[in-house]
Each structure stands twice: as structure tokens, then as C-alpha cells.
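Okay, structure first, notes after.
Per-chain residue numbering starts at 1, and chain names A, B, C, D, E and F are given in the order in which the chains are listed.
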Amino acid sequence: MIVEQYFEDYQVGAERRTFGRTITEADIVAHAGQTGDFFPHHMDAEWCAAQPFKQRIAHGTLVLSAGIGMTAQAINPRAMSYGYDRVRFIRPVFIGDTITVTTRISERRDHPKRTRHGIVVEQVTIANQRDETVLACEHLYLVERRETAA
Amino acid sequence: MIVEQYFEDYQVGAERRTFGRTITEADIVAHAGQTGDFFPHHMDAEWCAAQPFKQRIAHGTLVLSAGIGMTAQAINPRAMSYGYDRVRFIRPVFIGDTITVTTRISERRDHPKRTRHGIVVEQVTIANQRDETVLACEHLYLVERRETAA
Amino acid sequence: MIVEQYFEDYQVGAERRTFGRTITEADIVAHAGQTGDFFPHHMDAEWCAAQPFKQRIAHGTLVLSAGIGMTAQAINPRAMSYGYDRVRFIRPVFIGDTITVTTRISERRDHPKRTRHGIVVEQVTIANQRDETVLACEHLYLVERRETAA
Amino acid sequence: MIVEQYFEDYQVGAERRTFGRTITEADIVAHAGQTGDFFPHHMDAEWCAAQPFKQRIAHGTLVLSAGIGMTAQAINPRAMSYGYDRVRFIRPVFIGDTITVTTRISERRDHPKRTRHGIVVEQVTIANQRDETVLACEHLYLVERRETAA
Amino acid sequence: MIVEQYFEDYQVGAERRTFGRTITEADIVAHAGQTGDFFPHHMDAEWCAAQPFKQRIAHGTLVLSAGIGMTAQAINPRAMSYGYDRVRFIRPVFIGDTITVTTRISERRDHPKRTRHGIVVEQVTIANQRDETVLACEHLYLVERRETAA
Amino acid sequence: MIVEQYFEDYQVGAERRTFGRTITEADIVAHAGQTGDFFPHHMDAEWCAAQPFKQRIAHGTLVLSAGIGMTAQAINPRAMSYGYDRVRFIRPVFIGDTITVTTRISERRDHPKRTRHGIVVEQVTIANQRDETVLACEHLYLVERRETAA
């Protein structure tokens, strides 16, 4: 789905909410395999049983990647992903937890150097099945202006 | 490998450098499969041929996840990953590019609320085979203090 | 995305068209791994070089699964997938081919036994980058009627 | 294993039966990843708990692909897969169900246009561990005739 | 396929030969992901270009696993895999090489302790598309005797 | 991590011990997919329930590959993997078992033909969470001599 939106078209406060996705043992194994991070926090159920969290936890980059992927629903040919600010791992995600993502356009601001693009900030909140936030971040998009600042 | 380090043990300026890793078509396909992001930027060679970049590009979260995974070499039982700041996608990563990661401890600072832990900031720089930076970010660790601030 | 549609709401002739997806060697390797079909047609480049097609070809079930997956864009809580008719493998798909899917509602018909549901038929056409049809099928949906036939 | 069979060699009524295969959560996650179909029916255990089926179900294309793959045991150099007719998803397949496939040559018929090949129809029945049919279809093969119809 | 064979039924000198399988970049990426071995020999095309082999090589355990898997064609309910002797990595396997496996029953011998089973030795030779041996090993099976040694 | 060691530098008796890794259903599914070995011992929970072991077991090559991968921690530019001797599958590994690997340099010996290299033998022992050995083997490395035997 293509939804063309210029910088000026983004409404601060606009919200989206995704379907849920259950994070499985298979996801953690696959993410270890994709990243090479086989730390016992993610891979060793015996070791984890003796830790405060008691069980294996998802990699932070898995939760971030899965959550951001869940928000990738419409292509805006005027925008590109610019980066993230304030990514925070707030609670662990365990095997079997189901995450849902809500996003909210929180800010539109000038780019420090570019005049033909602006920065749109989307606040991303990933919650588990108990509505507890597990990860929060700001997703920054570089978006073309409809009219360049003269 | 376990390397126990308290907050006070981190030396600002300490650097690490990883081996390289070639980002393959298989990595992009696997990351689409893990995240559900099948946007044509990553999956449609025909569409990409008509874009400014001319070819498929790796997902931002793939480059971040792979790069952070490459730095996961030693476990510090006194530290945990707290989040990322200022993640910036500086250049695209194409199929066949080889990334290498350098890290540098850039700051030690107090946690705004916790007195028994501090924040250690590791500047992460991911470069391609031409030594061009493709992604930069700050990796924040929450680290136990050897002596709690009284 | 949820789009609620009853049987009566489907318009014969309505069309959709997906983005493209390049079928990669990694997809074929993954599909062999998922199905256990390691036939040389898909896995042995040397053997294939001596066959009429000269190169490895994608599994029929891979092309079907990928193509159907590309059409899974909106959830209709009133419909469920019922099956396929007339699935035909018309041309081979080679590594590097890019497929695109067009669908067209071709028929609405009664279910032979159920009175509260009808059958909606979606003609699915999967084409490669030269606009040659590689696979065609009819996707049948069992859809609730707004008013049951009395 | 190569078993050369011409059109005339297929015996209507001939049956085969495969080993079983347990469909796992990992299979569903992998199939979502291969197809891009992350619908909550397959991926969201919380949402499913509120549906009539109560739990995640395997994608129809996963059951079809796995089942067809299980029948791919011998290569016949005189035959190629031509398509499927009457694919029907009869019962859901849940995580942990074990499927077994039985096939039966049900028909040999002329091809509407080609005189040097005929169509062999193999009835495919996929059952779960309670011997309930979960999927049925007809697998069509295009097979060389030993003697072309003059 | 089930082929029941007692210890006495194995014929020294009996040979089998598999189809071929092309080892792909996707296989190496998947094997790194399954084993956690991301050594640059397998993953870093730039580093490899400066090594004697000039290019990435398959993991030894990938070649062994793939080759042994290719020989897993018939189930013998009287036998179980006991281990391997003299596994030797004779030549590297590069991306795109096609391996074929030949096996030959080379020996039947008593088990040092068990009287109801014997050891059957299958010499396994994995060759590339130039018929050069890349890996050789002896696969040992523990097989029930038809009559126990009295 | 690079640790340069010549043949003469290896100390017989030197030991290493890895972290643990839980072998999951996802690992077995992935290994079947990588090797094409879909034998019911690994894939069919129903069939296994009627066998002496009662449940699915990991492929021998999975346990070997995972265990060897766990020992791949430091690169020695003077050594290369030469093969394995006396690989023995001592106990089955079930889904959920956690394996840990201990290695011990057991021997340094001349190579039968090469004078500039010697063979270093590393005894590899893979144990489960009950400290029972599940697999043992000798990993042979071909290592450059600091001084060639004159």
C-alpha cells in the first residue's frame, strides 16, 4: 500500500495500532542465528533459571526489529527512515509474550542542514499482553517538504 | 567469556574493533522473514533498479542488529543493555557489502534516579568495506557501581 | 488492517495488485528446508545445467505460498480461506525472477450445503518481470452472508 | 531415488503413505517469514484465544507445502508437476499436530492439447494424528506417453 | 521408506550414490546461524579475499551435516547411528560448489561389549563437481544381530 | 578474538569450558531443513511416543555442529580444522536439554607427511544439564610449527 505524504501532511497526534505478535522460542533462536549473539540470557534455559528473570529473554534488537517491522504497513515515497532516538528496553520480553505496537506522530521539526526535507518524529511504544510497555523509542523519518523553505 | 566490570572500571576512550561480516541476500531475506517487512526497498530488485539506489538495501534494523551482535563478545555480569541513543542510518548497506564495527567508551554518567548504577555510553560505528560509516549509534549500558554514591 | 466485507459486498471484477518480490536462492533453500523437497530441480545447479531449463527452478509450492502471502493484506473477519481450484504452474520461476500478483474477484456463488455463507472466488495471477504468467489459480473464500438465504 | 514411469505405467488405485511430521510453532514462524503472512490467526496467541479455534493455526499454504513435500520421494524423469485441483482446507492444523499423507492415483486422462503427454491425477489426503482429514487436493502431473496417440 | 536390515544382511562392498546438492551462500549463513560460528573464514568476503583460498568456505560441520543428511534415505529399524571415525576435511567447499555423496559398506565388526549388536561401517565420500573428494569419513551404525552370538 | 598459537604453544591438559545452550524444537526443525533429514526420530512426535526414547531426539549432526560451534571462540591464524576422530553419540539430546562443552588438549603429534605442521588433538566432551556426556569426539587441528623439524 502506498500512501504519499509530504512533511506538511503529517498530523502531530495521529496514532496507529498494530495487530499483536507472539514472540516465540523460534524467534529468539532465529535472532541469535541472525546476529551471532548466543549469550546465555537468550539461549541457556538452565543458566537463566538461576538469574533474577528466571527464564530466557528476547534480544533487545529482536524486540526492536519485530516491533518496527510491525509498523511497516504503508510505503510513503516521500519519506525514508532516518534513525531512532531514545530507544529504551523497559521490561524484558519472555517466550510466549505477545507484543503490540502503538505509534503517535509526536513532532515535526526542521532538519539542521537540509531545507527541502524535515524530520517527522513517530513515538513508538511496544507493549506486552498485560499492556506493560516493554520498549519505547522515537522513530525519525526524513520527509520531503511540499514547498521548500525559501 | 566473562569480563566483570563495574561502572568505575570502564575507561573512557577504550576501543574495540570486530571482525567483518558480509551482508548477504540471505540475510535480507531472513530479516524480512523475521520482521514481516517485505517492502520493495529490500525485496524487489526490479523496483529498486528504478530507484536512486539502483539495488536492494538492507533493512536498518538488520544493520543495527547484526552490528550490535558483532559487539556481543564478553558478558559483564554487572551490566545490562539499557537502550540506544542517536541511531542514524547514514549510508545504505547493499548486498555483498562487508561491515565492521568499532566501539569506543565515550562517557560515564549518573543515572537520573538510580544511585547504585551508572550509565556507560559506548559509541558504536558501523563501517563498510570502503571505511564509510553506514550506521552510528550510542549503546547505553546500565552498570553497577562498585561503591554506591552515598 | 481490518476490512469487514460480507458476501454481498464483494464486487465481481474488483482488482488488486501487489508490490513485487524477487525470488532468491535463499528462498529456494528455505523452502526445501521447510518442505523436505531437496529434488535436484531446485538444489543441484550442475544437474539443472544439463536439463532443458538450464538452471534451478523454484518449487511450485514456494511460488504459490509466496504469491498467496503477497495478497494477504487485509483481514476480513467475515471470510476464511476455503481452498484453491485450478492451480496451474505455467512457467518456471528462476532465481532472480521478480513476481507480482494481481487478483480479481471473478465469481460469487452459493455454497452447496451452507446457507449462511457463500463462496467468493478470487482469480490469482502471478507474473514475472516480463509480465509472463508463471502461476494461476482460483482462491476460494467462505464468506458470511449479510442476510441468510431464507 | 529415480523411478521412471510413463503415462501408461501409472496404475489407477496405487497408493502411497508417508511418515508423519509434527507441525511445530517453528514451522509456522518460518512460514510467516517465507510468505510475509503475519496474520494474527498464525502469529498472535492472545487474539487467537478469543477466536472459535482458541489457538494459533498453521497457514493453509504451510500444510499444503509440507504435505506435498512429504510425497516428494522419487523422481520420475518422465513427469512434471502440472498443478493442483480442488485444494480444500478441511480442518485447522494446530501447533503440535502430526500430519501424515496418503496418496492414490485416481485418474489418467488425456491432456486437452498435447498428444505426447497425458495427465495423471494423484488424490492427496493429509490427515492429523486423530486420522481426521485436514487437507485434500488433487495433484496433477504431466507425464510423457510411452507411445504418442497417433 | 523403511528397509529392515540386520547386521548379517549388510553386504561389504555395497554402494549407494546420492543426487547432488549445490552449497549456497544461504546455506553458510544458515549454518553460522545454527552454530554461532561467525568466523571470517565463512562470513567475511573481504577478509577471505586476502587469504590463500580467496573466498568464503563452508563450515566443516556444514559439509558433514549436509552430506550425511543426503545419505539419510531409508530407515532401518534395526540400526542406529553410533558415530563417525576418521572425519577428514580434505578440500574446501566454496559457495556454488555442488557436492555428491557416495557410500560403501566397508566393514562389519563385533561391538567390543555388546553381543546382540554389531558395528557396520559405511565409508562416506563427499565429492565436488570436479569429482575431487572434499570430505571423507566412516559412519558407524550399531545394528541388531539376527542371531546373537552365543 | 585472535590468539596466535604455534604447534609448540599448545599445552597438553589445557582446558576450556563454554556457556550452555538449550537445544530447542526450533533447532531440530532448522537442522532438518538444513540437512534434508526429516526422519521421524526428529520430526514425528507421535511415532516417537511409541519408541523407547518416547520423544523426538536431536540429529547427531546437530549436536556435533552446535557443540563444535560453541568452542569456536578464538581464531588462531596458525591452525586449521583438520577433522574429527572417534565421534560417539553417547546419549540422546531431547528438546529442552541444555548442552555445555568442555575441551582439553589431549595430544600433540607429528603429521605423517608434513614436517612444517603438527596435529593438535582437542578432546571435546558435550554434556547435558545433568552432567551426562551426550557426545564425545576428538577435534584435530593442523597447526604450524614454530620451527620446522629439520
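Following the convention adopted for this analysis, a residue touches a chain if its C-beta (ideal position, glycine included) is under 8 Å from a C-beta of that chain, and two chains touch if they have at least 3 such contacts.
Predicted, not measured: the structure shown is a model, and the values here were computed from it.
Chemist: With chain centres set to the mean of the C-alpha atoms, which chain is at the far end from subunit D?
Modeler: B
Chemist: What chain lies farthest away from subunit E once each centre is taken as the mean of the Cα atoms?
Modeler: When every chain centre is compared against subunit E, the largest gap points to A.
Chemist: Give the chain pair, either B-D or B-E, that is connected by more C-beta contacts.
Modeler: By the number of C-beta pairs in contact, the winner is B-E.
Chemist: Calculate how many whole Å lie between the centre of subunit B and the centre of subunit F, each centre taken as the average of the chain's C-alpha atoms.
Modeler: The computed centroid separation for subunit B versus subunit F comes out at 30 Å.
Chemist: Report the inter-chain centroid distance for subunit D and subunit F in whole angstrom, where each centroid is the mean of the CA atoms.
Modeler: Each chain's C-alpha centroid was found; their separation is 38 Å.
Chemist: Where in subunit A do residues touch at least two different other chains?
Modeler: 21, 24-27, 29-30, 33-34, 36, 38-40, 70, 75
Chemist: Name, in rising order, each residue of subunit B that touches subunit E in their complex.
Modeler: Residues in contact with subunit E: 19-22, 24-27, 29-30, 70, 96, 98, 129.
Chemist: Would you pull the subunit A residues touching subunit E in the complex into a rising list?
Modeler: 30, 32-34, 36, 38
Chemist: Which residues of subunit C touch subunit E once you look at their complex with the stated criterion?
Modeler: Contacts found on subunit C: 24-26, 29-30, 33, 38-40, 43-47, 56.
Chemist: Spell out the residues on subunit E that touch subunit F in their complex, using ranges where they run on.
Modeler: Where subunit E meets subunit F, its residues are 21, 27, 30-31, 34-37, 39-40, 59-62, 64-66, 68-70, 72, 75, 81-89, 137.
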